[in-house]
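Next up: some structures, all given as C-alpha cells.
Each of the two complexes below includes subunit A, the first together with subunit B, the second together with subunit C.
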Partner chain A sequence: MKGSPGKGAGLFHRVESLDLIRVSKWFLKTNAVRDLSFSVSGGELIALIGGSGSGKTTTLRMINRLIEPDAGQILINGVPISTLDPIYLRRSIGYVIQQIGLFPHMSVQENISIPLKLGGYTRVDIQNRIDELLELVSLSPVQYRDRRPAELSGGQQQRVGLARALAADPPLLLMDEPFGALDPLLRRQLQEEFIRIKRELRKTILFVTHDIDEALLLGDRIAVLQEGTLYFLGNPQDLLITAQQDPYLSVLTGGDRLCTMRSVPVSMLAVPAGDVIYCTDLSNSIRIRDAVRNKEVRGAVLSLPDEKLRILLLDQEGNGNGISESPVIRFAPGTTVLEALSRFSRSSARAAVLTESDAVQVILLEDLIGLLSGGGSA
Partner chain B sequence: MDQIVFLTEILFPALIGGTVITLELIAVTAPIGLLLGIAIAVGRTYGSWTIVEICKGYVIFFKGCPLLLLLFILYFGFPTIGITFTAFTAAVIGFICCNSAYNSEYIRGAMLSVQQGQLIAAKALGMTKRQAIINIVLPQALRRAIPGISNEFIYLIKYSSLAYVITVIELTGSAKQVATKYFMYTETFIIVALFYLAIVTVATIGINAIEKRVAIPGFVQK
Partner chain C sequence: MNLPVTAIHHVWILHQMTDQTLVHLTLFFTALLIVVILGLSLGIFSGISHRWGGILIQSLNIIEMIPDIALLLLLIPITGIGAVPTITAAVLYSLLPIVRNTSIGLLSVRPELIENGTALGMTEREILMRIRLPLALPLIACGMRTAVVYTMGIVTLGGIIGARGLGAVLQAGITRNNMTVILVAGIWIGILAVLMDLIAAGGERILSLKYGDRS
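So, the complex of A and B:
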C-alpha cells in the first residue's frame, strides 16, 4: 500500500462484548441517535432495523469511528473505543456497504487484498487468502480474480465486498444493508449463503437492514430503532409476539400482510378428521420459517411461550420434508395438535406441562386457518 | 529568391531549432504543472483551513492574471527586486503557474465526482486519509480529469509561443526572426502554423493512447 504509515493487524482478535452506553449523536440540530444503549455478546448477530433516519447507519459508523458520538461511550471487550487508534480499530472491524463499497479501478483481487496489505501479510499469504476468500463466497478464483467490479453482476460485487470485509479475519463485522440493492431472488440466495458463512466463521455481527424478513431470517436478536432510540430489542420470536400489541412493530413486521401471530388456546388446535399432520422442531431452523413465509410449504408455526421450541405443522402432503434439519414426524389422522405437541415434550419441559387450558403463540398464514379447529375463529 | 531554397535551407533549419526549444518548454512545464496541479487540488479539497485558503488564493491569482503580464513581471519586473531569471526559466515558471492553476481545477472537479462512499469505504478498511487519497481517490479522479488535463496540455503547446515576447527563441520566435529578415511573412507563418498543428496532432494521439490504456475495463464513466 502506497503512502504509509502503518502496517499491522487489528487491535483485538476476539470480541467478547460490545457495549453502547447512552450514546448520542447530533447532526446540526437533528438528534440522529439519542441515548442509545445496548450490548452485544461475542458471536451474536444483531439485526438493526428501522425506517429512514432512525439512526441505523449512524450507529454502525460510530462503532468503527467513521462518526464520533457526541455523548456516551462504546466499549469493545470493556475498552472504550475512543481510547483506541481509529485506523487500527477499523482494521479489526469488517465493514460491508451497499453497492458503492468496491473500488472500480482495482481488480477483484486488488480490492480484496487491501485489508491484507494493510495488515502486513506477505505476498504468498495474500495470494492464498484471496483464493480462499473467493471460494468462501462461491466465486471461482481463476475466473473472477482479475475482473474489475464493473465486469461483475450486482450479486457478484456484493460477494466480493463481503470477501474483502472478511479478508483480514476481523472478529467484528458491520454490515450496512449489504443485500439491499439486489433483486429478491438474488438477495435470498446471498442471505442463505451468508447464513452458511456466518456458521462457519462465528463472528460478532451488526447488520443494518430495512427488510423485516431479512432481520427475522438472520438476526439472533433484532434491535428496532425509531428516531434514534432503541424501540425494541429481543429475539425474532419476541418481536413477533410483541408486535401483536404494538402498533409500530405491527406495521414494521407487516403483521397484517404476511402472517398473523395469535394466541390460541391449545384445545382449539386440532387437525380436521381425515388429514395427516406432520410436525417438526424448528428451534434450529431458519430456512423452514422462511419457507412458510414464502408459502413454499403450507403450514403453521407454533411457538411455545418462554421456549425456544418452535413447531411447524405441515399440510397433508407433508411438503417441506427435508427443509429442516430435525426429523419430520408423521401423525395419524385425527391427531389433535395437543397430542402432537406432547410428542415433543421430551425435549421441552414447558411442553410437558401443556394442558388444554394453555395458549400457544401461532404464526399462521391466512390460507391455513383451516388447520385450526373452529375455522380460524382463533 | 527561390522558394524551395528559402524553405529547405533557411526556414526549416530555423524552425527545427525553434521547435526544439518549444518542446523543451513543454517538456519541463507539463510534468511539473501536472504534479503541482494535483498537489493544489488535493490541498484545496482535503487540506486544513490554511492550506485550503492558500490553494484558493494561488488558483484565483494565476487564473486571473494574464499570462503575458505574468511573463513580463517575471522577466522584467523581478530583476528590479534583485531576482534575475534567464528568459527560458522565466517562461517556464510563468507557464507552470498558469498550467498548474488550471489543471488543479480540472482535477478538483474530478475528485469531487468520486463518490463519497469510496472514501468512506477506504477509511472503513483502515486506510489513513493519505492512503485513501493516493490509492483510491486520485487514481479515479485523474482518469476522469484526462479530458481536462489534455485540453490544458494543448493550450500549453500553443501559449508557449508567448515566450517569444520575453526573448525566448522558440518556434514562433524563430519564425518571426526569419520572416522579418527575409520579408516572407505569409509563407513563414503558415508553415509555423502547420508545425504547431503537427505537434498538437501528435500530442492528441498520444493522450488518446494514454486514456485508452488506463481506462478501467467495463467501467463507463458517468
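So, the complex of A and C:
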C-alpha cells in the first residue's frame, strides 16, 4: 500500500487518539463552536451531523488548522496541534470537500501527485502510487491519468479528490460533505465504495454530513452538533433509540423510524460477538440449553448435519422450560432493514445470519422490532 | 489611395524606413520587456498585499488619466528628449493593464482551490507559484495584449520628442505636409501594430486553453 515517504512526510504515522478539549471559536460576535469536547479513537469514523451553522465545518477546519480555535485545545496522540508546524500537520491529514477543488490547470495525475511531491516520494514511487490510487477509487489509470478535471463528471472528480487526499497515506482523513453535490444514485454508489475503501485502509476519519442516512450508513459513531455544542455522541443504534425520547434528535432522524431506517444496512443490528454462541458439536446440547436459559448468552446457533441452521432462544412468552428452537434464514451482504423485515415476515425464523465481508453475524428479529418500534432494548 | 510602388519605394529609401523600423521595434521591445518584468512584479505584489496593492493601482490609474502626449512632454524636463522619455512614458502608460490584470488574476482564483492547496500542506509560496500564478496567466496575457497596443502607440508618439523610429518618419511627413510619407509610414505602423496584437492574441489564446479555469 505504501510508497517510501521521504523527509517531507507527515508528523505522525498512526492516529491513536484525537481529542478536542473545550474548543471554542467565535466569528465576529457569533459563537460558531462553543466549548466542544469529544474524543476519537484510532481507526474510527465519526460522522459529524447538524444543521447549517451548527459548527461542523468549523470543527473540521480547526483540526487541520485552516482556522485556529479561540479557546481550548486539540490533541493528536496527546500532542497539542498548536505546537506542531501547520504545514507538516496538514501533510499528515487528508482533506476532502464538497466543492472538490481539483486544480483545473493540472491533469488528474498531476493533481494526485502534489501530496506525493510534497512528501518527497521518488518519481518511480509517484507513478506507481498514482495508478494504485486510481484503481482504489475505481478509475482506470490508462483512461483517466492524463485527463483534465473539466473532462470528468462530478462523481469522477470526487473520486480523484479522494485519491488526492489519500495519496500520501495520511493516517487522519477529514471529509466535509464529500458526496453532498452528487445526485442521489451516484451518492449512494460512492458511499458504498467508500465503505470498502474505509475497510481496506482503516484510517481515522471525521466525516461532516447533513444527511442522516449517510451518517447512519458510514459512522461508527455519530456526533450531533447543535449551535456549536455537542448535543449527542454515540453509535447509530443509540442515536435512533435516544431519538425516541428526544424531540430534536427525532426531527433530525426524520421521526418515522421505518422511513428513516429503510435503507440502512441491517448489519448495524448484529449481535456482539459473545452474546451468541455457535455450536457445531451437538453432543453437549444440555450445557448449551442451560447457557441460554440462564441468560449467559442471548442465543445459540446450532449447525445441523444437513447444513441447516437453527437457533435456540429464550422463549419470551412461555414460562415453561423457556427455550424455543427456531429456523434461521440467511441474508446477503448489504441487506437493508426494509429487506430484512420483509424476509422475516415471510418466514417463521426469529433470527438470521448475515455474511458481511469476512465475518458471519447474527441478527435477531426481536432487535429489529425493538429498533423499529423504538421502545425496547436492542 | 493610388500609391504607385515606385513612390512607396522612393519614400522608404529616402526616409531610411528599414533602419527606422528596426529602431522602432527596438524601442518597442525594450519598453515591453521593462513593462512586463516591472508589471508582473508589481502585479504579484498587489495580489499579495491588499493595502499597498490598492494604493499602487490607484496611482497607476492617475497616470493613466494624463493624456499620452502630455505625459511625454512632462517627462522632457526630467529625462531630456529622445528614446529615454519615450520608453519611460510607454512603461508608465502600459503598467496599469498588466499590474491590474495580474492582481485580479491572483485574487480571483476560486477560494476552495487555495484552501485545498493549504490543506495539502503547500506553503504560501508554493500556492502562489503552482496554483495562483498559473491560473492567473490567461488574465495576465490579456493585460499584456493591451500593454502591447499602448506601447506601440507611445513609441510612435515618441517621434515628436526626438526619439527615432517610425514616429519620426510620420512626424517628418506631417511637418512637410507630405501626404505620401504620412500614408506610407502610417499604414506601415498600422500593419506592425496589428501584427503585434495578433501575436499577443495568439499567446493569450494558448494560455487560456492551457490554464483557463473552466469548471
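In the analysis below, the second predicted complex is superposed on the first by the 249 of 378 C-alpha atoms of A that agree within 3 Å, B and C clash if a C-alpha of one lies under 4 Å from a C-alpha of the other, contacts with A are read in each partner's own complex, and residues count from 1 in each chain.
Note that in this section a contact is a pair of C-beta atoms (placed from the backbone, for glycine too) under 8 Å apart; a residue touches a chain by one contact, two chains touch by 3 or more.
In this text, all values refer to a predicted model and were calculated from it rather than measured experimentally.
Chemist: Counting touched residues of subunit A, say whether subunit B or subunit C comes out ahead.
Modeler: Comparing touch counts on subunit A for subunit B and subunit C gives B.
Chemist: Pick one for A:I87: touches subunit B only (first), subunit C only (second), both, or neither.
Modeler: both
Chemist: In the superposed arrangement, which partner chain does A:L206 touch: subunit B (first), subunit C (second), both, or neither?
Modeler: So A:L206 meets neither subunit B nor subunit C here.
Chemist: Quick one: is A:I130 in contact with subunit B, with subunit C, with both, or with neither? Answer first, second, both or neither.
Modeler: Once the two structures are laid over each other on A, A:I130 reaches no partner at all.
Chemist: Looking at the overlay, does A:G101 come into contact with subunit B only (first), subunit C only (second), both, or neither?
Modeler: Both subunit B and subunit C are touched by A:G101.
Chemist: Once chain A of both complexes is superposed, is A:L218 in touch with subunit B (first), subunit C (second), both, or neither?
Modeler: Touch status of A:L218: no partner.
Chemist: Return the residues of subunit A at which the contacts from subunit B and from subunit C coincide.
Modeler: Residues common to the subunit A contacts of subunit C and of subunit B are 64, 66, 87-91, 93, 95, 97, 99-105, 114-115, 118, 149-150, 164, listed in rising order.
Chemist: Quick one: which bits of subunit B touch subunit A in the complex? Just the residue numbers, please.
Modeler: 115, 117-118, 120-128, 130-131, 133-136, 139-140, 143, 216-220
Chemist: In the complex formed with subunit B, which residues of subunit A make contact?
Modeler: On the subunit A side, the touching residues are 1-6, 10, 64, 66, 87-91, 93, 95, 97, 99-105, 114-115, 118, 147-151, 164.
Chemist: For subunit A, which residues count as touching subunit C in their complex?
Modeler: 64, 66, 87-91, 93, 95, 97, 99-105, 114-115, 118, 149-150, 164
Chemist: Which of the residues in subunit C end up touching subunit A in this complex?
Modeler: Within the complex, subunit C contacts subunit A at residues 110, 112-113, 115-123, 126, 130-131, 134-135, 210-215.
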